[in-house]
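First subunit A sits with subunit B, and in the next complex the same chain sits with subunit C.
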Partner chain A sequence: MRRHETAWGLAFVTPIALQVILFCIVPVGIAIYAGFTNWNGLSGRQDFIGLENFATFLTDKYFWIASGNTLVMLVPIPFYLFFGILLAVGVHRGTPGSGVFRILFFLPYISSIVALVVLWKWIFNYQYGLVNQGLALIGIQGPDWLGDPAWIKTTIVLMIAWKLIGITSIYVLAGLNNISETYYEAARIDGASAARQFFQITLPMLTPAIFFLTIIGVIGSLQTFVEVQLFTADGGRDYSAATITYYIWQKAFGSNELGLASATAVFFALVILGVTLIQFRLSRRWVFEGE
Partner chain B sequence: MKKRSAAFALITAAALALSGCSAAQPAGDKTITFMGWGSPEEITAFKTMISQYEHKYPHVKVDYITVPDTDFATKLQTMIASKKTPDVFYLQPEKVMPYADAGLIADLSSYVKNNEVFKADNVWKKALDMYRYDGKSPGKGAVYGLPKDIGPFTLAYNKDLFDAAGITAPTDDAPWTWDQFEAAAKKLTHGTGADKVYGSTPYSVESAVWSNGGDWLNANHTKVTVTDPKFVDALQWVADLNLKDHVVPTPAEQSALPDYQRFVDGKVAMMGIGPWNQGGLWNDAKFNWDIMPWPVSPATGKEAIWYGSIGLAVSNTSKDKSDASNLAAFLAFNKDAQQTNIDKGQAIPNLVDMAKNNYLKTDKAPANKQEFIRIIEDYGRRATQTYTYNSDWFGTFNANVASVWKGEKTAAQYTASIQDEMQKQLDDGIAQQGK
Partner chain C sequence: MARTNTTVRRTGTVIAFTLMLLGALTMVLPFLWMLSTSLKESKLVFDYPPQWIPNPVEWEHYIEVWHVVPLATGLLNSLIVTALVVVVGTLSSTMAAFAFAKLEFPHKGAIFAVLLATLMVPIVVLIIPQFLIYAQIGWIDTLLPLIVPGLLGNVTMIFFLRQYMLGLSTELLEAAKLEGAGFFRIYWSIFLPLCKPAIAANVIIVFMATWNDYLGPLIFTNSPQNSTVQLVIASFSAFHAEQTDYPMVMTASIIAVLPVIILFTIAQKYFVNSFAFSGIKG
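The block that comes next holds the complex of A and B.
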């Protein structure tokens, strides 16, 4: 009987395990190796060149511009957490009109990102866009959202926040549903106000969900790519919108420097790993671990 | 039961045969994969050409894959890495050197000398030369691709707007100078806000720089020369068309509305176009339009502009190299295929005799088709970045030049600030080739 179960278990696990090995472990291994070579992605020739690639990108001005831009992509995280929680609490209580909000905010998450970018390109079009037309009504000439180095990052950050509010509220909603009604009953008997209930019960009980959202939010924001590629040509004027993933893509497929791109990718993966570990360490201070 | 299934099979087979579906293919049939990108019009044109090919060579089936141009390089390189390179694929001239050095693309030299589709001396020499490479420098030696097209970039104008402003377009023997161009553009610019009509879309930097006697690189493509006054003056002149004269849309307006759309909306009078724009303009332009020679720099009195091209390369690992080469040759040179290009307004024929007869004799716009031919035969040049192994230096120039268009830096300040970085990238490219 037991052996039978093991066989079944293995049978179910094998496809996933194979998938992880084939599409995760093997490519990562190849990337690590390629990072130490001068592979151009075209020929089979791969000469070992040690740490040269790492020196190359660490002294490349554009790598640092891209790094700075990537950090900016983290800016929307508190905003979408805040509005996501607000939305979830509203929907949870069944506020009138919550159905409309649900659609409005979930729509971006289920739509194709390419379609969204096209939509945003129109909304933020300098001359014909909704935003600048609206601003013109009150006599303000809106900025060049997509062309100006100072504004293109704002546009991308706004879009990321808008896109992620929906998914945030789904997770928060799940967290809300998990909070036992008994806490609130007890609080009410003790005469706690609604605000007090929220800050003393709801918010602490939501911290695991919020923690999870910051982890995936940080990783996702650091990997911003499609928006950059679709909003801008060549990473934007003066490389103003290019992120590290964009830099990696451009080196790999634009300049045929796959070795250099791999080295950058490996470095970047280590940075993300480091950031995530720090988040986990910090989480001990504020995440509620359960009764 | 058995009877019924037999009848069913018979009917199915008959239906397949009737519908022209090759249910019973003769042995030895081949499938050639062909990967490209293009506008919807270009894709339709190629579908037509491919069916013409399949009709002529029934033993070959073509699997035509189209990828958006922004994804093309990524997709192609992934396919190369996984050893699934398409048999025939689009290749930009600037990639001929790295691809040939990596052994990815077939040397088609012997094929160019001897084949059933075309005579090599009836092909634009400049078009074939885009794909020549002798292992050291481009433009000489073996042929590594056949030109899909040769695209001379010309200056189109809205005839109705010209007439309304009382302007006559210049002719080949009497081209405008920059000053005359500026004066005409000023006359054509009028209106405000969304109704504003501009004289011209952004002027071709290549045309200005080359016409003024400058270039991005020196003659043997080893030194960046953008701080040369001839280069700087030309760049500043292009920028001043917006900054001082206000006859071209501002950078923000340019990003708001693509040049092409602005032109077909009748909101700009002059715009650079290539032969690939003809078909689109036939449909979209609700006014009379034609093409004219590029203005000349007052310093030299000479015209200058680039011609572009995309090549059809054959994979070195293709199992059917001769059929693949034959497909490339058919798409590039077959008379029916070239006629399709004329009919769809996609390209001027690669075959000289067809360009000078069939193409020139068509009655659709532009009337002055001869200008396209003149650029190829006379003053057209291949872009400077197609001479270097890696065009990162050119990308860097373009990615940062907006500060000049916006007037935040003068052309002199900008070129001085970027020269060293461009030189470093050019040196890197030269070193890459050596490896």
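The block that comes next holds the complex of A and C.
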């Protein structure tokens, strides 16, 4: 029976093990190796060139512009956290219509990014977009949201924040459901106001959920790519919207510098890992760990 | 005192309701505008203030759009990829989740830890080598790179289902074993039915991710006959960005978004609950 169990257990996990080995572990190995070569994908030749690729992108002006833009992609996180918490608290306290609201808030999250960008390009069009026509009514000349180097980032940041409010509220709601009602009963007996209850009980007890959301939020934001690719033809005027992932994509599939792109990707992966570890380290200071 | 409390509570409810209504409008209006534009005559598109209910209503775009872009090919390709990944991938994921939760085999903990670790690897590190592998075996510009990895399972789904199954009683398993049921039978006739709500939630997530995927098709396919619906819409809108064909682009976008919205509305109960029980504490 035991041998039987081992056989079935191994058989059941074989597909996913194969997937992880073939489509993740082997590719990571190839990426690390390729990062040290001058691979261009065309000639089939690859020579070991040591750290040259790393020197190349670290001295590339566009890499640093892309790095700055990538940091800007972190801006949506506090926005969707704030509105997500607000929405979750509203649903949790049983505001009328919560069920319907919850579905509506999900529309952007479940829709494809392609359709959303089509829509946003249309709404934020300089000449005839809904936003600028609305601003014109109150006498404001709206900016060139999609063409102007400063505003294109704002447009992308706004869209990401808007898209993620719904899903954030669901995670926060799960956190709210975990808070025992007894805390609130005790607070009410002590005569604590609603605001005080929120800041003394709700918010501290939500910190594990908020921590989780910042971890996946930072990892996701740093990898922003599809929005940039869809909103701009070439990373925006003066590379104003290009992120690091966009830079890597362009090097790999635009100019066939596969070795250079691999080196950048591996370096970037290490940066993400480092940032995540720092977040975990800092979390000890602010995340509530249970009584 | 009691009366003031009720008043405060009522005011709170009114404020909360108003805020949520405003928020919901922000989420929904763009979509309503999309729907409205898809039903407009081209010359009405730039009217301001916009006509929310167009006059006349032009249903023709929903017929014409199929001739203007290879939308049918895109939808068919997306359907093939999504159906295979969702059905077969869910089977392999549930099998793995069952094994990790309820069976004993050597190195179980280590294998599971490696699976979870792979979730940390940024996609950007994987796509270049994956592209090279697919180029070597002749998979570029076919649907295979979009299908085959998904057939073998999904690590996130395995993680969530394992957590769920850990919460199910092992006595069931022992009882079934005593009655002589094989492990496959125990998985298929006992655990699979018990996990239905959790599986439903994960199916929506995988369906959404596969149907809406843009990066995979963008990198691994290039000819129109292998385009998924997302690529068709993206190239259509790029070509028509500066022309007056907005109603048509909106029509195509609505057709692409519809399947997910329908599925989500039907099954959102499971989807929302899945986050509640899967917990955050890990």
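What we mean here is this: the second predicted complex is superposed on the first by the 271 of 291 C-alpha atoms of A that agree within 3 Å, B and C clash if a C-alpha of one lies under 4 Å from a C-alpha of the other, contacts with A are read in each partner's own complex, and residues count from 1 in each chain.
Criterion: a residue touches a chain if its C-beta (ideal position, glycine included) is under 8 Å from a C-beta of that chain, and two chains touch if they have at least 3 such contacts.
Just so you know, these numbers come straight off a predicted model, no measurement behind them.
*Asks:* Identify whether subunit B and subunit C fit side by side or clash on subunit A in the overlaid structures.
*Replies:* Because the two structures are overlaid on the shared chain, the partners are seen to clash.
*Asks:* Contact-wise, after the overlay, does A:Trp286 reach subunit B, subunit C, both or neither (first, second, both, neither)?
*Replies:* Neither partner.
*Asks:* On subunit A, which partner's contacts cover more residues, subunit B's or subunit C's?
*Replies:* The partner that reaches more residues of subunit A in the superposed model: C.
*Asks:* Using the touch definition from the top, say if A:Phe199 reaches subunit B (first), subunit C (second), both or neither.
*Replies:* Touch status of A:Phe199: no partner.
*Asks:* After superposition on the shared chain, which partner residues are touched by A:Asp234: those of subunit B (first), subunit C (second), both, or neither?
*Replies:* After superposition on chain A, A:Asp234 lies in contact with subunit B alone.
*Asks:* Looking at the overlay, does A:Phe82 come into contact with subunit B only (first), subunit C only (second), both, or neither?
*Replies:* In the superposition, A:Phe82 touches no partner, neither subunit B nor subunit C.
*Asks:* Output check: A:Trp64 vs subunit B and subunit C. Expected answer is one of first, second, both, neither. What do you get?
*Replies:* In the superposed model, A:Trp64 contacts neither subunit B nor subunit C.
*Asks:* Go through the superposed model and pick first if A:Pro15 touches only subunit B, second if only subunit C, both, or neither.
*Replies:* In the superposition, A:Pro15 touches subunit C alone.
*Asks:* If we overlay the two complexes on their shared chain A, which of subunit B and subunit C does A:Tyr128 touch? Say first, second, both or neither.
*Replies:* Both subunit B and subunit C are touched by A:Tyr128.
*Asks:* Is A:Pro208 touching anything from subunit B or subunit C once the two structures are fitted on A? First, second, both or neither.
*Replies:* second
*Asks:* Using the touch definition from the top, say if A:Asp144 reaches subunit B (first), subunit C (second), both or neither.
*Replies:* Only subunit B; A:Asp144 stays clear of subunit C.
*Asks:* Quick one: which of 5-13, 77-85, 149-157 or 275-283 on subunit B sits on top of subunit C after the fit?
*Replies:* That would be 77-85, the one stretch with clashes.
*Asks:* Under the contact rule defined above, give the subunit A residues that sit at the interface with subunit B and also at the interface with subunit C.
*Replies:* Correct list for subunit A: 41, 128, 229, 249, 252-253.
*Asks:* Going by the contact rule at the top, pick out the subunit B residues touching subunit A in the complex.
*Replies:* 70, 73-74, 77, 80-81, 98-99, 101-104, 194, 251-253, 255-257, 390, 392, 395, 398-400, 402-403, 421, 432, 435
*Asks:* Can you list the residues on subunit C that touch subunit A in the complex?
*Replies:* Answer in residue numbers: 8, 12-13, 16-17, 19-21, 23-24, 26-28, 30-31, 33-34, 37, 45-46, 48-50, 92-93, 95-96, 98-100, 103-106, 108, 111, 114-115, 118, 120-133, 135, 149, 151-153, 155, 158, 177, 182-184, 187, 208, 211-212, 214-215, 218-219, 230, 233-234, 237, 241, 246, 249-250, 253-254, 256-257, 260-261, 264-265, 268, 272, 275-276, 278-281.
*Asks:* Which residues of subunit A touch subunit B once you look at their complex with the stated criterion?
*Replies:* Spelled out, the residues of subunit A in touch with subunit B are 38, 40-43, 45, 47, 61, 125-129, 144, 146-148, 229, 234-235, 237-239, 249, 252-256.
*Asks:* Mind listing the subunit A positions that touch subunit C in their complex?
*Replies:* 1-2, 4-6, 8-10, 12-13, 15-20, 22-31, 34, 41, 83, 86-87, 89-91, 93, 95-98, 100-108, 110-115, 117-123, 128, 130, 133, 162, 165-166, 170-171, 173-175, 177-178, 194, 208-209, 212, 219, 223, 225-226, 229-230, 244-245, 248-249, 252-253, 258, 261-262, 265-266, 268-269, 272-273, 276
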